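Here chain A shows up in two complexes: once beside chain B, once beside chain C.
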Partner chain A sequence: MCQVDEDYHGPLQRAEVPSVSKKCVKCKEATAAVVIRAGDAYCRGCFKEYFIHKFRAMLGKNRVIFPGEKVLLAVSGGPSSCSMLRQVQEGLSHNAHKKLRFLPGVVFIDEGGAVGQSVEERQRTVAELHAVFKATSFPFHMVPLEQVLDLPSSVVVTAASPSERAASAYKAAVDHFIQSDTTSCVTPRQQEETLLPDVQESHTHSLQQLIGSAKTLTAKEELLNTLRQHLLVHTARTEGYSKVMLGDNCTRLAVKLLSSISLGRGAQLAQDTGFSDSRYGDIMLLRPMTEYSAKEIAYYNRMFRVPAVFTASLDTRTADKSSIQHLTESFVIKLQADFPSTVSTIYRTSEKLQTACRSSSTEECWDRCLLCVCALDTAAENASAFKATLISEQLSQSKSPKATRPNPESTAPAGQCCSPAGGGDCGKAASDGGCCSSAKAPETAHLRSLLCYSCQLTIKDMGSNQSSVEHLPQYILSEAQRRRRRSQMRQEIRDFLLDEADEG
Partner chain B sequence: MAAPIAIHLEFGGGAELLFDGVKEHHVTLPSQSQPWDVKQLLVWIQRNLLKERPELFVQGDSVRPGILVLINDADWELMGELDYQLQDQDNVVFISTLHGG
Partner chain C sequence: MPVLCSNCVDKRAVLKRPKTGHSLCKACFFWAFEEEVHLTIVAANLFKPGEIVGIAASGGKDSTVLAHLMKLLNERYNYGLELMLLSVDEGISGYRDDSLETVKRNQQQYELPLKIVSYEELYGWTMDAIVKQIGLKNNCTFCGVFRRQALDRGAIMLKVDKICTGHNADDVAETVLMNILRGDIARLRRCTAISTASEGQGVVPRCKPLKYAYEKEIVLYAYFKKLDYFSTECIYSPNAYRGHARTFLKDLESIRPSSIMDIIHSGENLSVREGVKMPVQGTCNRCGYISSQSLCKSCVLLEGLNRGLPKLGIGKHHRLHDRILNQQPLTEKEERKLKSINF
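Moving on, here comes the complex of A and B:
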């Protein structure tokens, strides 16, 4: 980590205003144009060199991409992912210092339907990005988020990862690649002209119902992130890619780190924010932009004319307190304005995080969250906060007067039933009505048992009545049923099993 | 008495949404007793251009944290930030780096 120390000039050093027309700290000749990190002013040329070098250094250091491997770049049109696309182009160009050797493709997930854009707005965005992607000559895929409704259940099952390739294999693969292909490293396949396929209005409607069934913006954003990730992984699988590159920058990851903790995703932090994430087994998610701040990216894009296409998201023009994620962002950014090492300090912390390995030798699919596909964190010990929450939930439920308990089909607003029992026990954020949900059809209760703590909160937010859970895409519901049947079957034959897991 | 100055303003990264989606503005700042600085420019923008939600653009007498400012393509941190004295034909860019603009 060559950059750890530089950010620590005493934890409380305040931003200083440098003197006018400073010289570049690198070449000490040209006039500085941008201030990065605390006080380092770079000229245009040195900034470009520094930026490009950092990308290749990141990939070089981690050595997870094999030469000739197909890598899918997830480009949202935002500054970070568009900058990532440019870095890959730079790295593959003929005059690149250390050429990248993988085969890139690009995917754009059009979320316009989920965030309420009109068909015309969506078409405009797609057309703009189409032009950007076409200019790269990489193969690309334009996928409407509506396609998430037709995914197969296998998306939420961790696939067997390709047999672990030893470090020595990397060297061998590089040598082989250099011998077999010395002329041009990338010979893009025949251009795939995949303009956005027609989206059925009914599909858009279903998607909107699904997102709309979550009451808070916090849960809507979580749901959208989950669906997007499923569709990315599915696209990578069907198109033959083995890695997916995401554009998360350091600033975003610092925000994600803190908001994830608030959302109860502590156990999944290492995977959610790390450089590489192998929760899906065969498809590895990579975050090569983690060394760049949002500011560096904005300057680079501006100076070197990286096209980006702004699209509104769920939190566009909302107040700071509209969602946990949004509030966390505003907190981090405000702190960063006065203390420039805030973001890097938070992010460096995340690099040190590791999740302790679960004792179970093989992690079967029922050990994984049905939504985020991370290892379940709900098998906690009796003294944990999670168990305490459960107990308090059960208590508040049993105290609840029977008269006010709605029947499972009731569409009465959640929250009513638990208010007479004293909201104190269940007054947690996003749990309005949550305390009643296990009284609902066993289907819903079972679904929740397949989720990690944080995803349980998201589903809780979708309301306690059965119908809202039915808005979930079919692939999730049928996988839930499959796991249910499997666990029933295991129960039935457990006496005959020789090799039962410690407690079952 | 300083003469009126013509400057070029640009909004990006979603900040343009607060200005009716218009990214580029050619404006003329009226003549006033002392030279225009960025601090006064922000007040002027708020009064004359900003269409809605001023708190999403300014905070106190500066820009909202997360919005970058470039003066003539250089980081405003190198130019004296709010105290920079605007010249005729200057180019001032505001880029939002916040999620969702």
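Moving on, here comes the complex of A and C:
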């Protein structure tokens, strides 16, 4: 265990300083323009070819995108996703070596409201990206994160996946596509000129309240990630896309893997970081950029003028220790500077993890987390960290029958459910959403039982009192209620159900 | 205003539990901490009545607390175990000799038999002599590999059925992180297990009763119980890389105290894809100890030391194993590479 640093020493000492006039290692003719790894100097042309090949190879290797399929590219404006957009453009261009055969669209989720940007700032970002997207002539969708408040409950339910298509089907589909080649260029849809659908100020306010109800930046970021993913999936569904491409690069993924571990998401790790993620059933999330390091992307974007637009995130300009995600990022990047194989080693770990979804039955969703839609990992086995934590909590507080964590110093009044702060909001939600107010939001305890280990931690950081949980979007709360009603029903008829859960 | 203990709501709290954040009085903390270890032992079914259990004792805080708890719980809950202390003398003057004094005091205090096995008698090398040959780099590799086997050999000499070690939650979480950073998928999968499966002959099953105990709580426990332990860092351990993981873990803990348990939870729930190549457990052709190669790591390391090629066991030189087994000489070029670097 201790020799890790030593292992690197040999090659490090031997690595020569690249001289300015070095030749490209690939074509051995042109002058090298960029050093990707120690010793690997590429000229401009070869670097471009290498970069473009990698993208196509990634898609070719995995064979999940069928010809003619509609694929939504999630572009945040950052270098990685903008580079992905460019790769798709390259792949669809007429002189492409092996043309990509899918129909792309672009989506941008404007999170300015959650981050606390002014309307003017948001408009500026959107305008810049609008110009970028317009230049691609792909159809695109500008979606403000506020729309997450109006999502239907079906977002957090795994939809039935289209029947498993076998590997042979892929080949047949390709052949069929080539024969019936209808000069499949993308038909650029007429873009309406509105930059961003109008966002009501009250919606922005509710969103901020929701994000603000999480007490730690760690939980805020987790919450934001979850909401963003829900909105992406929903947009894909309503616009008829069946795949969503995410721009996570290798560096980003290594950070994500390590922070997921630290957040207790070990069970969901493969889905969070793998190439393809089918937790939503009908919509598959893909990560085609995972073979590129952040450095390679930066080189490419600079050399080939890929525009990127800076957008602030929650942890922009915060201290290293402000959140687990941010700490992990600076840890990995610092370590990478000293030990150049850090990122790729961590990334390779993700390739060795199980990606297959355990349960294929999609009708009932007892075993799926209400927030992240992954399989639940909270079946309390006897000797487990989860159980041990529960025991510790039980043993360190008074043995009163009250289940949810009582606050030792201030015993909260019994009728805490509708505190004055949450009261107004509650009423509002009822007026436009429907059912809430009288039924009240489901108890925190019940809500937690629907969540995976890690999402429970996020909700825990939203405080133990009821009102903060009520800030959760209506689609989550009503799905929670639905699941509760279903589980009550199931409880009642339990004795008459034949054991069918074990099958399948 | 004094804070009241959140458990008995009667006495004044003297500490805030690092694990849960609750304020507890001394008695309630002792009770909770002991009860947790007991429940871990019961839940994981670690011991059976009548077994002889060796406690790996270094004299440090973890093993001191472990020895104390094992004795206490064995009596309180009638585990019916016969306990023994087992120590390894690595031969580090100014460090291990001092900590072994602590172990000896513990032995008298707890009235448990003690067995000390030394690197010198097992391998013919003390750590002092090893460091003299290879310098301060990689020495922890030797020490770690040798200790694992030394404990097993000591356990066999004592005829114990099981060894328990003082690994705490922080250690386990740190190991999870380390194995990810090293890309060691096989160890990543194993490292969160509370006990090793009986791995075959020559290997005594091990377990970690303190697996879910926070390091800080172990120190708090030892502090309030006024336990006698030795708390000096090893003089030979610069160990830079693990240090990064440790600092990272402590930073995580300061952001979210449950992080340590969260990482263990992650580790426990990782599933490895089918078809990923895993090392197969075999036995060493020379000494018969478990090994995934034809020669076990400690035989390779020892061979390197005896041939004056200390780097033989550092990094991977599997292709040399056959020749080592047959006592054949290495080529000059290979020898030059494996000699220690002179500064």
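By our rule, the second predicted complex is superposed on the first by the 414 of 504 C-alpha atoms of A that agree within 3 Å, B and C clash if a C-alpha of one lies under 4 Å from a C-alpha of the other, contacts with A are read in each partner's own complex, and residues count from 1 in each chain.
Basically, contacts are C-beta pairs under 8 Å (C-beta built on N, C-alpha and C of every residue); 3 or more make two chains touch, one makes a residue touch a chain.
As the structure is a prediction and not an experimental result, all values here were calculated from the model.
Asker: With both complexes superposed on chain A, which partner does A:Ser396 reach: first (chain B), second (chain C), both or neither?
Answerer: second
Asker: Figure out whether A:Ala30 sits in contact with chain B (first) or chain C (second), or with both, or with neither.
Answerer: After superposing on A, A:Ala30 lies clear of both chain B and chain C.
Asker: Report the partner of chain A that touches more of its residues: chain B or chain C.
Answerer: If we count touched residues of chain A for both partners, the winner is C.
Asker: Is A:Ser262 touching the first partner chain B, the second partner chain C, both, or neither of them?
Answerer: So A:Ser262 only meets chain C here.
Asker: Report for A:Ala294: first if it touches chain B alone, second if chain C alone, otherwise both or neither.
Answerer: It touches chain B, and chain C stays clear.
Asker: Quick one: classify A:Leu327 as touching chain B (first), chain C (second), both or neither.
Answerer: second
Asker: Look at A:Val157 in the shared chain and tell me whether it touches chain B only, chain C only, both, or neither; answer first, second, both or neither.
Answerer: In the superposed model, A:Val157 contacts neither chain B nor chain C.
Asker: Does chain B (first) or chain C (second) touch A:Ile346, or do both, or does neither?
Answerer: Only chain C is touched by A:Ile346; chain B is not.
Asker: Please identify the positions on chain A that touch both chain B and chain C, taking each partner from its own complex.
Answerer: none
Asker: Write out the stretch or stretches of chain B touching chain A in their complex.
Answerer: 12-14, 16-18, 53, 56, 65-66, 68, 70, 73-75, 77-81, 93, 95, 97-101
Asker: How about chain A: which of its residues touch chain B in the complex?
Answerer: Going through chain A, the ones touching chain B are 17-18, 20-22, 31-35, 41, 79, 251-252, 255, 294-295, 297-299, 302-303, 310, 312-318, 325-326, 329-330, 333-334, 336-337.
Asker: Under the definition above, what is the set of chain A residues touching chain C in their complex?
Answerer: Touching chain C from chain A are residues 1-7, 216, 218, 257-258, 260-267, 269-270, 320-324, 327-328, 331, 335, 339, 342, 345-346, 348-349, 351-355, 377, 382-389, 391-393, 395-398, 408-409, 453-454, 457.
Asker: Using the touch definition from the top, list the residues of chain C that touch chain A in their complex.
Answerer: 3-4, 6-9, 17, 19-20, 22-24, 28, 31-32, 35-36, 39-40, 43-45, 137-141, 144, 176-178, 180-183, 185, 188, 194, 212, 239-242, 244, 248, 251-252, 254-256, 258-259, 261-274, 276, 314-315
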